[in-house]
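The next part holds the structures, each set out as structure tokens.
Look at the two complexes coming up: chain A is in both, with chain B in one and chain C in the other.
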Partner chain A sequence: MHISEGILSAPVLISGGVVAAIGTFIGLKKIDLEQIMPVALLSSAFFVAGLVHVPLGPGSVHLMLIGLLGVMLGWAAFPAILIALFLQALFFQFGGFAVLGVNTVTMSVPALCCYYLTRPWIDNRKTRPAASFIAGFLAILLASLLTACALALTDTGFTAAAQLIIAANVPVMIIEGCITMFTVGFLAKVQPEILHLEYA
Partner chain B sequence: MTFEQFSDGTSFLHRADPKGKLISTGVLSLVIALSQTRGTALLGFPLAFTLVLAARLSWSKLLRRLFIVNSFNLLLCLILPLTYTGGKTVSLIGINLSSTGFFLALLITVKSNAVILLFISLLATSTAAQLGHGLQQLRLSPKLCLLLLFSYRYIALIQQELFRLQRAAGLRCFQPKTNLHTYRTYSYMLGMMLVRSWNRAARVQQAMKLRGFSGQFYSLYDSGGMRKSDLLLSAVLLLAGAGLVVIEILSI
Partner chain C sequence: MNRPRILTALLFAVLFSFFALPAQAHKLNVFSWAGDKKIYGEAFFSGGRKAKNVPVHAQDAESHTTLLTTLTDEEGKFQFTPPQQAVQQKLNLLITVETGDGHRGEWLLTADEYLSAASDPTGAAQPPGEESAIKESAIKSVDIEAVRAIVRQELNRELIPVKRHLAEGREKKAGLRDILGGIGCIIGLAGILAWFQSKKKKKTSTDG
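Then we have the complex of A and B:
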């Protein structure tokens, strides 16, 4: 859900940059030298997951796993997402330099919300499947809402395009919900300590 | 799979110091992205194009990249005239098309191409490792630079792990379709990828600890500081940025 370069207005770009900088600063404060390695590896896993296309009807959608990342990293999701987006911009020119802040915010804030809203339920074995589905679903819902807001705040003429984005992302929300639910279940069985890392 | 398609070359932009390139890209792309007038965007584009020419990149790779970016812009050119509310409209075979929306889409296209060409010619001509060290020398947070360098280092490896899992699934006649079985299989593959990345992180962590890692990389890639040519390049680019700002202010 990248907004590409050249669309957003100056106030939106600047406020996005400021929020992203604050979030990244807090996120970096929460991780120490010992934890840099796992965060970096999750950041590259997030990058790679963005290259995976899962089928949806005749087409396909690429995964984002924002919810999963948020649940695993908490505040550290900010720097992890910033790095993954910077590398995507460098390698594929998805998004660019000036919108890096806004794109970081539209993905990290949902990740953080998922952390605070669903994390307690994920730690509980009984509510884990439902909570992780909601984490995946909610992350994409919030991310598309924030993207739509960024567009609508730029120019009222974009309102229709913004509504289109939210509508187009409904199937993605369901898929991300399923994928997050199964992945969390898998991790809980195979290597539960991965789910216990949290830097919030 | 190599991600960095533009980083090996022999032009002076490839050899230039990443610090200067980072600063000038930051300034120039901000100026172009924040500009509201047609004049700035129209002058920014030839500037970026000249830089791409100077970087002597492969045209086929460049056009492929621009094609992906511009397919989105094309979509915008088609949607905006139909959905844009307010501004002037032109009636064409009974449909009201907003000319304001169309010109806005054109402006966006020019701006996004200019910024992306800048990004390719100035930043993508360095490797992510060089940029990471450049950012470190620019006194960006050391932790963030470490995160960048480590993620960059492990992306290709993690992707290979995922390819291996996909190949294994393919050998067992897994065919992706729109059903829950497919999503569950993909989740387990991703989960396995995370498990392996996690364990790899732990091993690397131990190995680095053993070698007394204290949070700082000492790079063999030493650009030898800013040379005269680097200073000249940055000065010219920053002056161009200042010129664009002046044009923007004058034409508002």
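Then we have the complex of A and C:
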């Protein structure tokens, strides 16, 4: 999902950077002392998850845990993803520094959408498993679409890019759905306060 | 109250880093070398997956004008004869591969590399003209040229796996050190943020 350096045009890169900066600013404002550790933890998880390859489907894809980040962090997913992407570019040569803004947006916006769309159902014990699966699944789908948009704004046709990326990421969507479902279920039992749930 | 949370955090981090150990960075790699009269290359993702049927562009490294476009085959390999313009002007070739889903890799093949491999082995090095030279020595020198050409060809063939290895060695692999370094950075940043916030909290509590 990381767009490589040297593909996107300058306007796309700049607008990506601006949106990422605004999101990160809001995200940082929303982090209080209690939330710092969860944010750092999920940022590390995202950073490392990029190394876990999914050897299924046509492309070369890896885990991202965007849905999990969104559901657990809300707006704070922006700084968490930005830092993790920066470190991935630094250590693993994923993406690059010029495309950092665009990559942050294509992964954080889906996280935020998942937060607003599925969070009410995650707070409800009965609908929690289904809602968290949908969050994991939907996040990758949205991120694929946003990546395709970013590519289409430069030169590649939108449908061609979207088809390629979504086809490659279908296994990831299902795996992330399951991971999100189990992680949220586990945390709700063991550490409900990390999810800001009111009951144990 | 806070201790179990931090313990869970550490547990998760350790779990994830072990989970990730055998994996490698996710990046599109290209490497290319010059064989006899042709340029060969391969494109693959760093997990080892081949990039199949993907467009390959040979560009002039300075002006970035595309001189030639071809496709990789089912095994991610490609080959092409160096474009006329590049040979005449001795251009360094920037070989780029783009998968269309946002991955891009490039490889610089300098003019020296492909021109020395492509130089015509038969006769071109021996300009005709000095007919008056002693016949025997002429035959000898032709022989030397022929031998030189054969040696060059053989050497090229033998060196291809070596060149390939060298090219693969250029790829940086992510190891445990990188992973732990990254996690360390994140924890450090969290610490800085926590410090600032606790300072702010203290200030407001003393003010109020």
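The rule we apply is simple: the second predicted complex is superposed on the first by the 175 of 200 C-alpha atoms of A that agree within 3 Å, B and C clash if a C-alpha of one lies under 4 Å from a C-alpha of the other, contacts with A are read in each partner's own complex, and residues count from 1 in each chain.
The working rule: a contact is a pair of C-beta atoms (placed from the backbone, for glycine too) under 8 Å apart; a residue touches a chain by one contact, two chains touch by 3 or more.
Keep in mind the model is a prediction, meaning the values are calculated, not measured.
**Q** Between chain B and chain C, which makes contact with more of the residues in chain A?
**A** The larger set of chain A residues in touch belongs to B.
**Q** So, A:Leu13: does it touch chain B (first), chain C (second), both, or neither?
**A** A:Leu13 contacts chain B only, not chain C.
**Q** Quick check on the superposed pair: does A:Ile31 touch chain B, chain C, both, or neither? Answer first, second, both or neither.
**A** In the superposition, A:Ile31 contacts both chain B and chain C.
**Q** Contacts for A:Gln191 in the overlay, against chain B (first) and chain C (second): which applies, first, second, both or neither?
**A** both
**Q** Scan A:Val52 for contacts with chain B and chain C and give back first, second, both or neither.
**A** Touch status of A:Val52: both partners.
**Q** Considering only touches as defined above, state whether A:Val170 meets chain B (first), chain C (second), both or neither.
**A** In the superposition, A:Val170 contacts neither chain B nor chain C.
**Q** Could you look at A:Thr147 and tell me whether it touches chain B, chain C, both or neither (first, second, both, neither)?
**A** So A:Thr147 only meets chain C here.
**Q** Considering only touches as defined above, state whether A:Cys178 meets chain B (first), chain C (second), both or neither.
**A** After superposition on chain A, A:Cys178 lies in contact with chain B alone.
**Q** Based on the superposed arrangement, let me know which partner A:Ser43 touches: chain B (first), chain C (second), both, or neither?
**A** both
**Q** Per the contact definition in the header, classify A:Ala84: touching chain B only (first), chain C only (second), both, or neither.
**A** both
**Q** Would you please give the residues of chain A that touch chain B in one complex and also touch chain C in the other complex?
**A** Shared contact residues on chain A: 4-7, 31, 33, 36-41, 43-45, 47-49, 51-52, 55, 83-84, 87, 90-93, 156, 160-161, 164, 190-191, 194.
**Q** Would you pull the chain C residues touching chain A in the complex into a rising list?
**A** 4-6, 8-9, 12-13, 16-17, 19-20, 23-28, 45, 47, 49, 98-106, 172, 174, 178-179, 181-183, 185-187, 189-190, 193-194, 197-198, 201
**Q** Over in the complex, which chain B residues touch chain A? Could you list them?
**A** Per the touch definition, chain B meets chain A at residues 3-5, 25-26, 29-30, 32-34, 36, 41, 65, 68-69, 72-73, 76, 79-80, 83-87, 98, 100-101, 104, 107-116, 119-120, 123-124, 128, 131, 141, 143-144, 146-148, 150-152, 154-155, 158-159, 162, 176-178, 180, 182-184, 186-188, 190-195, 197-202, 204-205, 208, 214-215.
**Q** In their complex, what parts of chain A are in touch with chain B?
**A** Touch list, chain A to chain B: 4-10, 13-14, 24-25, 28, 31, 33-34, 36-45, 47-49, 51-52, 54-57, 63, 65, 79-80, 82-84, 86-87, 89-93, 96-99, 155-157, 159-161, 164, 175, 178-183, 185-187, 190-191, 194.
**Q** Touching residues of chain A toward chain C in the complex: what are they?
**A** 1-7, 31-33, 36-41, 43-45, 47-53, 55, 59-62, 83-84, 87-88, 90-94, 147, 150-151, 156, 160-161, 164-165, 168, 190-191, 193-194
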